[in-house]
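One structure, pasted below without further comment.
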Amino acid sequence: MSYTASELLAVSASRLLADGKIVFAGVGTPLLAASLARLTHAPHLTIVVEGGAIGLEAEPGRLPISTNEMRAGRRAVMLPSITQIFLYAQRGYFDYGFLGGAQIDPYGNINTSVIGPAERPRVRLPGSGGACDIACHCREIVIVTRHERRRFVERLDFVTSPGQVGAGDGRRRAGLLFGRVTAVVTDLALMDFDPATGRMRVVALQPGADLAQVREQTGFELAAAAEPDRLPAPSEQELALVRALDPARTFLG
Amino acid sequence: MSYTASELLAVSASRLLADGKIVFAGVGTPLLAASLARLTHAPHLTIVVEGGAIGLEAEPGRLPISTNEMRAGRRAVMLPSITQIFLYAQRGYFDYGFLGGAQIDPYGNINTSVIGPAERPRVRLPGSGGACDIACHCREIVIVTRHERRRFVERLDFVTSPGQVGAGDGRRRAGLLFGRVTAVVTDLALMDFDPATGRMRVVALQPGADLAQVREQTGFELAAAAEPDRLPAPSEQELALVRALDPARTFLG
Amino acid sequence: MATVTFVEARRRLEAKARPMRDKRMAAADAASLVRDGDHVAIGGCLYSRTPMLLLREVLRHRRRDLVLSRNLMCYEGELFLVSGASRDLVTSWVGIGLPWGLSRIVREFVEGGRARLEEWSHLAIGLRYHAGAMGVPFLPTLSMLGSDLLRTTGARTMTCPFTGEQLCLVPALFPDVALIHVHRADPFGNAQIDGYPHMDLDIAAAAQTVVLSAEEIVDPEQIRRTADRTAIPFFAVDAVVEAPYGAYPHECYGLYEADLDHIDAYARRVAAEGAAAVRAYLDEYVYGPATLEAFLELFGAGRLLRQSRSARELTGRWT
Amino acid sequence: MATVTFVEARRRLEAKARPMRDKRMAAADAASLVRDGDHVAIGGCLYSRTPMLLLREVLRHRRRDLVLSRNLMCYEGELFLVSGASRDLVTSWVGIGLPWGLSRIVREFVEGGRARLEEWSHLAIGLRYHAGAMGVPFLPTLSMLGSDLLRTTGARTMTCPFTGEQLCLVPALFPDVALIHVHRADPFGNAQIDGYPHMDLDIAAAAQTVVLSAEEIVDPEQIRRTADRTAIPFFAVDAVVEAPYGAYPHECYGLYEADLDHIDAYARRVAAEGAAAVRAYLDEYVYGPATLEAFLELFGAGRLLRQSRSARELTGRWT
């Protein structure tokens, strides 16, 4: 059974979503993962997007490219304002928030703003959008990204979206009273954060990946159990469903 | 031409409203006055009520008793939330605000909360409702009330709705940067406020009233020009229209 | 009274599962979500879209020590005071309406020290619910500056760090329970309101538990087809009670006008007889009729239809 | 850049008469309400309900030194940068969408020091407009705490006087002009929006001057019959421009989908050729067509109908 890294990411991320919960998802892999979860183990998962849709059911083959377009509102039960959606997040209604990122540090902080100095960046990235808000307000924040050494760096050029912020109760000290980063899903591993150090650590490996490879693709020191768990490979059903969601491979690449 | 005090109040108040402006009106005399103005000299006056209606056109003979009932929304162009209506006032959109009151002091402050101590009042009045907010946010605040000595008192038991607050720039010192009380209309006189002292003073007398009578019915020292102006009596047309608005005399008494 | 901070309010909300499940229940079961000592926020405004069925059920449950909050409080406040269900009212105004003058009951209870009335300005009440709905501890406003309400409430002042101006800060209000009457809801609690929204969107998001009564329970497909009309999302809602004429004798926009004859008769009797009249009213209209149907029978079909006809004429919804 | 305080914003608003008068005007006249140096807030979001006709008209007026703000900025930002109309963007995100990657133009301008991009979180932008609409100097939030956005923006922190917790305060934003596209408006500017409201209600109330384009200008009687659908009141509005397909090639909920083929072609050409491609696009699609009709002719009726059909299918509005 062969699959691509992006298919693996979507499937692995979908498995983290429990039934009956509410997930704040962006377009691309997050919406693929959430839609897949609804088709498999979590039929009562509610999907919310920042453009302003609650309970949407994206049409296979017609996934939205942005969260504010009408495809993202398909079969939604409510279309509140963008500000209102984020205020619902701040109030505490949303269980999961998905984030990606150009740079991620050992504390799960994310940079999607600038490479280089903020005043005169070497690379101007697109910016936060709702990522910073999702990171501040959702109850369980899940980072989903390709595992590349240039992404996983010891120190960010800019913290766009706060994760654990720093060692110990860094997040709390920054004033973030709620939520935390619970998982980092990549095409090589599933990671969480050591409560003692606040740093990222390997929980389980993707099929075919080994710890040396994960560490090679990580720009900071990464703890791991001697024998990390092994994640099950995507099932045929999962792959068929995720491919049917995006037959043109707009997001699966 | 005979008329009652309440008819005189409604007519006098209506004349203070210029065409093309927006008035924040309560039920009773304010809504009668605003509706009358629309039927006479100010056809493009917009009426707004705190229950959540903009541009309403109350049906003669079927005036609302409260600002949140559907009669108050008749022919409105928008029905925003109550909070939104007041925020529009705070933003500065509303030209006039009408207020009445159980007690009024020389600075145009109003009490509609308690007679006696706040913790254990001798008389528990209904409370602010939106009066305090109208007083804080509208650009020109007009007080409309019967002229009675027990109402016009030197010192309030409780300031529910701030007028000029105190002498000089009392309103500004209290943090109220916008709006001011521009007129007090009673069945005896039209009054404004002396810019030097901040206190109420007689500008003009209602037909049939004299200054001695006004002062007798006022519980504080009231300045006046030697020869105050005389307000014109309600016209036949004005009286006919205001009576047609409230044929059951629910508000005209 | 103890107040819930925004931190506690969010932690309480997090402790609760919120799947999109069928939340339909009988009015009595829904009312049992209100516990002794709860802060109960009431939707609608004065005699508009008041959740009267739900309030009657709460009274029938003989709850005690409730704190009631509402933007403008109508005679439901009197029912709760006289029945002994509440001694604490939080509002900007209490009465019935201009023609009926002061509330004799509220006067007797407050002036006699048997009840507490916590008065805020109308916008301040709205901002307290809005702050709660936003999940923040306060909101700034210029309202109540220069007013004695600033010192008798829990509001504070601050100097604006951006402009140096003085501001009033009103604290967020997080009710334990919100009771809200709506035009239609699906079984999950996705709810739509016609006409005035009053403060109900914010009240729903500020409260820990939300009980809806709805004129009509509709198919979720109908909500999905008109999602831009949805005012309250399912995840804020805990119970949905089917309740045609559920606000009666108060009004429901476009569907029926308030029964002002009934309200007038109540007000006159209470003005004359005081608490005894309220007790008689409780017996006849609250404790007596065991069902919504039995309650509506006290008015009769002709009266209900008359009120509906005038509402539809007035709002142009009869065409 | 100079910012307008809530005090100045209200004084400016007070200086303007706001009768309910006929505000219909041609797009060119409406666009002339935008002056050099103005802060222009753009309604909709990304490629949804963008006021494209109005933006093209502003570009045709060859304005300079504009500050553009928007929640998520699409390629209109590129048009304003390359045309020289703006060097200051205020947003939470800029690009077109996931498949198209980074904006080469924004990168070149910002990395080359020729433009400034002021980044806020998406909620922070929303709260800045909301604070403006509320007439207050700031709103509190937990957003941006722990983020470097806290130090690179004009946000501040404070200790909550009620709870002792740390809060982020985002300053109100009062745009000089808001450009907003709506589904329908009456000649006075009472406007209704279908589907997503985005941030347009707050943007309209925060701005000093509001220009609406509307798919349809309707009789005021229609608005009065559906007043609970009105999102923007006349008193916030200064100009109403009739503009069927006024957001095209962006989408308008329920009426037409975004022309992704057109956007894709633009994006590919800009990725390959940079600013030269934008200049060519400006000539062909902005400076060239003198009217809305001439602009739409560049796409053709068949394409417009195809986009309309798919929108109606998708939103279930074709039944």
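A, B, C and D are the chain letters, set down in written order, and residue numbers restart from 1 in every chain.
Going forward, a residue touches a chain if its C-beta (ideal position, glycine included) is under 8 Å from a C-beta of that chain, and two chains touch if they have at least 3 such contacts.
Source: prediction; values computed, not measured.
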Once you count every C-beta pair in contact for both, which comes out on top, A-D or B-D?
-> A-D
So, in whole Å, the Cα centroid of subunit C is separated from that of subunit D by 37
If you average the CA atoms of subunit A and of subunit D, how far apart do the two points sit, in angstrom?
-> 29
Using CA atom averages as chain centres, what separation in Å is found between subunit B and subunit D?
-> 40
Taking each chain's centre as the mean of its CA atoms, subunit A sits from subunit B at a distance in Å of 57
Got the subunit C residues that touch at least 2 other chains?
-> 7, 134-136, 141-142, 165, 167, 195-197, 224, 228
Could you list the positions in subunit B whose residues touch two or more of the other chains?
-> 53, 73, 79-80, 87, 90, 137, 177-178
Between which chains is there touch?
-> A-C, A-D, B-C, B-D, C-D
Would you tell me which residues of subunit A are touching subunit C in their complex?
-> 19-22, 44, 46, 53-55, 73, 75-80, 87-88, 90-93, 137, 139, 177-178
Would you tell me which residues of subunit A are touching subunit D in their complex?
-> 27-28, 50-53, 59, 62, 65-66, 68-71, 73-74, 79-83, 86-87, 89-90, 109, 113, 118, 120-133, 135-137, 158-162, 165, 170-171, 174-178, 250-251
Along subunit D, where are the residues that touch subunit C in the complex?
-> 5-7, 134-142, 156, 158, 160-163, 165, 167, 169, 171, 194-197, 225, 228, 316
Please name which positions on subunit D make contact with subunit A in the complex.
-> 44-48, 71-72, 91-95, 97-99, 102-103, 106-107, 110-111, 113, 117, 119-124, 126-127, 129-130, 141-149, 152, 157, 165-168, 195-199, 201-202, 251, 253-254, 257-258, 260, 311, 314-315
Contact residues on subunit C for subunit A in the complex?
-> 7, 10-11, 13-14, 17-21, 133-136, 186, 188, 190, 205, 220, 223-224, 227-228, 230, 233-236
